Amino acid sequence: MATEPIVAPDHAIQRAFQPGAALANGASDPDDLGPVPIADPLTATVAPASIGDAGLPAETLRQMYQALVRARSLDQRIWQMNRIGQAPFVVSGQGHEAAQIGAAFALDRERDVLVPYYRDLALCLAWGLTPADMMLSVLARAADPTSGGRQMPGHYGSSRLRIISGSSVVATQLPIATGVAYAAKLRGTGQVTIVTFGEGASSEGDFHEACNFAGIHRLPMIFFCENNQYAISVPQSLQLAIDHVADRAAGYGFPGVVVDGDDLLAVYHAVAAAVAQARKGDGPTLLEAKVYRYTPHSSDDDDRAYRDQDEVKARRARDPVRLFETRLRDLGLLDDEAIAAIQRDINREIDDATEAAEAAPLPDPATYDRHVYAGG
Amino acid sequence: MATEPIVAPDHAIQRAFQPGAALANGASDPDDLGPVPIADPLTATVAPASIGDAGLPAETLRQMYQALVRARSLDQRIWQMNRIGQAPFVVSGQGHEAAQIGAAFALDRERDVLVPYYRDLALCLAWGLTPADMMLSVLARAADPTSGGRQMPGHYGSSRLRIISGSSVVATQLPIATGVAYAAKLRGTGQVTIVTFGEGASSEGDFHEACNFAGIHRLPMIFFCENNQYAISVPQSLQLAIDHVADRAAGYGFPGVVVDGDDLLAVYHAVAAAVAQARKGDGPTLLEAKVYRYTPHSSDDDDRAYRDQDEVKARRARDPVRLFETRLRDLGLLDDEAIAAIQRDINREIDDATEAAEAAPLPDPATYDRHVYAGG
Amino acid sequence: MVQAPERTASAPATTDPDGRDETSMTFVDAIQGTLRDVMRADDRVVILGEDVGRRGGVFRVTADFLEEFGDDRVIDTPLAESGIIGSAIGMALNGLLPIAEIQFLDFIAPAMDQIMNEAARLRYRSNNDFHCPIVIRAPFGGGVHGALYHSQSIEAMFVHTPGLKVVVPATPADARGLLLAALRDEDPVLYLEHKKMYRSIRGPVPAGDEIVPLGVARLVREGTDATIITYGLMVHEATLAATAVSEETGASIEIIDLRSLKPLDERAILDSARKTGKVLVVTEANRPCSVASEVAALVGEEAFAYLDAPVMRVAAPDVPAMPFSPPLEQAFMVGAGQIGTALRRLVAF
Amino acid sequence: MVQAPERTASAPATTDPDGRDETSMTFVDAIQGTLRDVMRADDRVVILGEDVGRRGGVFRVTADFLEEFGDDRVIDTPLAESGIIGSAIGMALNGLLPIAEIQFLDFIAPAMDQIMNEAARLRYRSNNDFHCPIVIRAPFGGGVHGALYHSQSIEAMFVHTPGLKVVVPATPADARGLLLAALRDEDPVLYLEHKKMYRSIRGPVPAGDEIVPLGVARLVREGTDATIITYGLMVHEATLAATAVSEETGASIEIIDLRSLKPLDERAILDSARKTGKVLVVTEANRPCSVASEVAALVGEEAFAYLDAPVMRVAAPDVPAMPFSPPLEQAFMVGAGQIGTALRRLVAF
C-alpha cells in the first residue's frame, strides 16, 4: 500500500505528463489507425475493410474475441445464478461487451486508470479482475477483492489494478475521474484516465461539472458514454433533447465522437485516437458508444412494462459478440474448432470460479464496523 | 394572496399554452424584428440601422432610455451609500443595464415571469419594483417588500409582480425557473419565463439540469446569461473552455444566441425573437449578453488584485447608457434639455426613496421567528 | 401574480366521505391508492421523478398512473435529482401541487441544495410572500440487501433544517393519513416510506379523506413501566421487543410512534416520559445527531425530574450505512433483539 | 496501483522544530501561515476552490499563494462545488493531498453527495483498499450580517455522517494544530473556520509542527459547579457569560471547547459532567439533531447518576438561518446574554 514519493523535494514538479509513451497491447502508432467510423447503430453494416486499417496483429484480434466471449459467458452465468436464486442481486452488461473490450484494448492497462460503472463487467475483466473475483463479489464473500462483500455486485474496484472503487450513485464518478486525471497531469505520470457512464448519467450536474473542469485544464482523459438508450425505463427521448450525448462536448471545448458500440474495432479505433490525443497533451474526448442493454436494468427490474420486446429482439439479432466472431471467421482467424476450444476453456474457468466462491466463507459479522477510518 | 383555480374540475387541463398572444410593450410582430446582431463586444460598433429594424415607437425608445438612466442612477446612489457607510452591503449591476432593459422591454411584464439574480437591479426596476422598494431593501427596513429586511440587498422578489424570490446560492434559480415554465405550459397561462444568471453560474450542475429539462419539454422560457467575464475574480478562461456560454445550447436541443450586451436594441431584438419562439410553443433559447461589471463583485470585494484597471477603463468607455443616449440623440429623440429633465426627475425620485427608507422603521426584533411555516 | 396554490380546495374524491369504510391492504397499496385519489381529485397535482411513469416507479408505487393521468402529470424526468426538486419548487410557485419522487433516499444528496436552501427557506426569506407546497416522497431504510446506497436513513439532516416538515408512516392507515396531510400542507414535506414495509406490512386503511395531522404522535400501546419512542420500521421491531420483554418480566411497556419527525410531538413524548420515567429511543439511523439524540436531549431537558433511569438510545453504529453481505447486514441493522437487550437493561434499572 | 498517498512524509518545514516559539497572531493569519508552511513542505499539497488564487480567497486566507506556488497547485476552479469536492477526491486517489475550499459553508450543499456518499464511504465500501485524505475548509457561522446564505452552521449534518471527521478551532493555536492534524489524517476532514473570528480573535501560535490531535477537547477553564460545553465562536461567548455569572454568583464554571465534533471527546465531556453534575451545551446552529443534542443525549445516557440538573441546551431557534437586518440578526444569534441566562438557571437549580 505504500506510495512512491511523487514529487521531488526540490519542487521539481513535472508540469505535464511525458508525451510519446508507447501504446500498449500491440497497437502500432495510434495516429495510423485511420478514420473513426461513425455509424447509425441500427442501420450500419460493419465494413470488413476497417479490419485492415486497424493494424492489429491476428493474436490481438483473437485475444479480443476471447475477452468478449469470456465476459458474455460470465455475465450470462451470473444472471442465471440470480434467476435460480443463488445470487440475490445482479446487474448485467450484456450487449455492451464489444464497446467495453474495444475500449479496454485501446488503453494501457498496465498504467492507465479506469473509473468504471456497474455495467462494466467486460471492461473490468479485460482490465485484470478475474471471474473468480467477480464470483466472490456476486456471492458477497469475505474474499471479494472489490469490497469484501460490502457492496452489491457490479461495484468494481482495485487499487492494485487502478480501477477506482465506485458507489451506486449515478455520475459521481465523473468529477472524481477528473481529479485523478488532474493528478496524473500534475505529477507527470503519463496516465490516461477513462471514466464510463450511461446516457442517463449525462443528465446529472456532475457530468457537466466534470466535463467543464476537464476541458479547462485539457486533462488526459476520456469520457466514455455507453448509451444503451434507456436509464432503467426512461428512454433517451426523455433524457436528452438531442440525438447524441457526444454533442454535449461542444459546450466543453473538446471533441465529441459517436461510434457504433456493436463494432468492436470501430470502438477500438475511436478510443485509441482519444488516447493518443490525451497522451499528447491535447485534452479529453467525449466518446459515445451506441450500445443496447439486453437484460432488464438489473435483476430487480422487469423491462416488459416499458420496452417493446421486438426492439429487444431486433437488437439482440445484431449481437456484437456474433458480429466480431463472423469477422474473424471471414478473416480466417477463427473456425468452429477454435471457437469451441475457447468456449470450453472459459466455461471451465467460470465453473472453477463459481465453485471457489461458493466454498469461500462469508464475512465475519464481527468485522462489520472495520475500516470506517484508518487503523479501525 | 388567493390564487384563481387553475384547472377546471372536469379535468379540462390545457395541454399547451395559447399561441398567438400579442407581444406587449408596443412591439410589432416579433417575427419582423430582423436578424439578431451578434457582435464581439470589444470591437463591434453599433450599427444605427438596427434602430429602423426595431419597429419601435419613439415613445418606447424614450422609455427605454429613462429606464436605463433610472437604473444607473439608483445603482450609483446605492453604491455611494455603501462607500459612505450608510449601507453595510450592496451589490451593483452597473454595466449590465442595457442588456437588462433590452430584455425587460421584450417581455410582457404584465404576465411573464422573471427569475432574476442579484445583478438585476435594472431588470427588476423595469419589471415594477420601485426605487423606494430598493432603498427599503438596501437599508433592511421592515417594509422592504422583497424580504422585510431578512435578505441582503439584491435578492429581489415579489409574487405580485411575478418576480420569483431568490437565494444567494448561485444557479439554484435555474431549475426553479424550468418548473415555473413547466407549470405555465401545463396550465396554458401563455407566460414566458425568463431566468437570468452569470457565466460563472453556467458551471454549476443546476444550469445543466435545468437546460436539459427545458429542452426535453420545449418549455416557454429564456435562459438569459449576463456574461461579464468574471465570477468574482475568476476569469472566463478558467470558467469555460469555450468562447460563448451560448454554445452550450447545442447540448440541449435549442438555440444559443450571443448578443452584444452593451447594445440595448440588439438585446431587445434577440430577446423578442426568443420570446416569440417560446410563445409559439417552439421552446427555450439560451441567450448570452456580453456585458461588463463596472464595480467590484460586491461592496465587500476589491477587484484591483485580479482585474487590470485599464481593462475596466476601456470597458467603461463603452458605457451602454452613453451608447444608447448617443443613438437617441442621433435620431433626434433626445436633446440636452430632455436629458437634463429626465435626470432631474430621477434624482428627485431617488432622493425621495432614500429619505422614505431612512425614515422607515427597522424590523421588530420580535418578528425574527415569523413565517417559518404557514400561519406562523 | 405568481403564487403557489392554496391547499384548501383539494380533497380527494372518495366513495366514502365519512371514512368509515376500512379495507385491509399493504403499505404500498395504501400509498398508491392515496396518490391515485389525490390525482383524480385535483388536476393541479403532478408527479415527477425517475421512472415514475413507464415503469410506475421502481417499487411500482405509481404503477399505471401514466396511462390514467397522462405524461403531462406523470413525468418521467431525466436522471437529475437537483433538477427534479428545483422544478418541483418552480411548479409549486406557479400553481401546481407537485409530488416529487426521489428513487431512494440515498440519492437525495444531489438535491440537498434545492431542498435546504430553496424549498425550506423560501417562505422565511420572502417574509411570507412566497411559499412552497411540495411533497417529496422517498423510500428509505435498510434490511433489504440494498447495501450502502439503497438503505440509508438520513432523515436527521432534514429534521435539522427549519422550514421543512418530515413524516414517516409506520402503518398503512398512517401512510394514507399523513400523505393526505402532507398534500394539504402549505409547506414542503418530506414523506419517507420504509421500503421494507411496502409489501410486508398490511393493515386497515380508511377510505375517506381524513388526514393524520402532521406533528401528532401515535400511541402504539399503553404502558406504565417504560416507554419506547421510535418511528418507521422500528415501530414493528420495538413492538416485537416489547412483547417479548413484557412476557419475560411482566413490565408494562408503552410505545410511541413519532410519525412526524418535524414538527415533533413534544407533548406526547414528554407526557409519556413523565409517566413511565424510563425512556428508550430507537432509530435505524446512525447515532450522532440523530432523531434519537434529539428526543433523548429533549426528554433529559424537560422531564429530568421524572426520570428513573438514563434515557437510552438504540441506533445504527457509526458506520457508513449497511453492508451488502447478509451476515454484515444483520450485524449492522437495528432489530428487535438489540432493542430487547436495551429494554431489559432499562426495565431493570 | 492507484492509491492515495501516505500522510507520514509531510511535516511542514519550520524554522522552529521544537515549536517553542510563539507569536501572537490573528485567527486568519494562523490558518494562512499553516497552509503556507504545508504547501512549502510538501509538493503534493494542492489548494482548490473558487477565488482561492487570483483573489486569494474571499477572506484572503490564501492571499499571494498563487504567486508563490503557481496555478497548478493553487487552482481557481469553476463555480461548481460538487466538481470541486469530486476532483479533490480524485486527486487524493492519485497521489495528491488536496485542500478544497468551499467559499461559505452555506454553499456546500451542492457537494453533499460527493462528501457523504463518496469521500466518507470510500474506505468502508472498498474494505480498506482505498482511502480519501482530503481536507475541506469552509467558513461558517453568523453574526457578520451575512444573512440566510452567508451565516449557516450546518456542521451537524457532517457529524451525522460516519467516515468524516469534523473540527472547529476556537483559537489561533488550535487553528494551526488542528489544521496540521487534519492534513496528516488519512481520512476526509471538514475543517470549519468561524468567519467572525478571522480578524477579531488573536492569540499565541506555536511555530512548530505540533498537531492538536483530532478527537481531543480543550479545557478552557476549570470549574466545579457547572460545565459549559461548546465550540467555535461560542467558546468566546460562553467565556464572557461564565465570567459574568461567576462574578455575580460566585459559581465556579468549567468550559470545554470540543474542537473536534467528530470524533467527539466523549471522555472529556463525561468526566466534566460527572464532576460538576450540571451541564449546559451551546451551539450556534439550529437545535434539532444538533451537536448540542448529541452531547446532551450522551451526557444524559452516560452520566445520568451524576446529574444534579437537566442538561440544558442553548441553540439557535428553529428558524432558517440568520436574517440580515441587525435587529433580527441580534434576536436570532446566540450570544453571551442568552448563554448567561441559561447558566444562571442551571447554577441555581
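Order of writing sets the labels: A, B, C and D. Residues in every chain begin at 1.
The definition used in the following text is that a residue touches a chain if its C-beta (ideal position, glycine included) is under 8 Å from a C-beta of that chain, and two chains touch if they have at least 3 such contacts.
All of these numbers come straight from a predicted model, not from anything done at the bench.
Student: Going by residue numbers, if over half of the contact pairs line up, that's a repeat, so tell me which of A-D, B-C or B-D repeats A-C.
Tutor: Having compared contact pairs by residue number, the answer is B-D.
Student: When contacts are scored as defined above, which chain pair ends up with more C-beta pairs, B-D or B-C?
Tutor: Looking at contacts between chains, B-C has the larger number.
Student: Approximately how many whole Å separate the CA-defined centres of chain A and chain B?
Tutor: The answer is 45 Å.
Student: Using CA atom averages as chain centres, what separation in Å is found between chain A and chain D?
Tutor: Computed from C-alpha means, the inter-chain centre distance equals 41 Å.
Student: In chain B, what residues contact two or more other chains?
Tutor: 147-148, 150-151, 167, 169, 203-206, 208-209, 212, 216, 238-240, 372
Student: Got the chain D residues that touch at least 2 other chains?
Tutor: 77-78, 80, 82-83, 106, 109-110, 113, 117, 121, 124-125, 148-149, 162-163, 318-320, in rising order.
Student: Of all residues in chain D, which touch chain A in the complex?
Tutor: By the definition above, chain D touches chain A via 1-6, 9, 43-44, 46, 72-73, 77-78, 80, 82-83, 85-96, 98, 110, 113-114, 117-118, 121-131, 162-163, 165, 185-187.
Student: Within their complex, state which residues of chain A touch chain C.
Tutor: Residues 88-89, 140-142, 147-152, 167-171, 200-201, 203-206, 231-235, 238-240, 300-301, 305-306, 362-369, 372 of chain A touch chain C in their complex.
Student: Mind listing the chain A positions that touch chain D in their complex?
Tutor: Touching chain D from chain A are residues 1-3, 5-9, 11, 13, 15, 113, 144-148, 150-151, 155, 157-160, 162-165, 167, 169, 172, 174-184, 186-187, 189, 191, 205-206, 208-210, 212-213, 216, 370-374.
Student: Write out the stretch or stretches of chain A touching chain B in their complex.
Tutor: 203-209, 212, 215-216, 218, 237-242, 247-248, 250-254
Student: Which residues, counting only chain C, touch chain A once they are in their complex?
Tutor: Going through chain C, the ones touching chain A are 50-51, 53-56, 58, 76-83, 106-107, 109-110, 145-150, 317-320, 323-328, 330-332.
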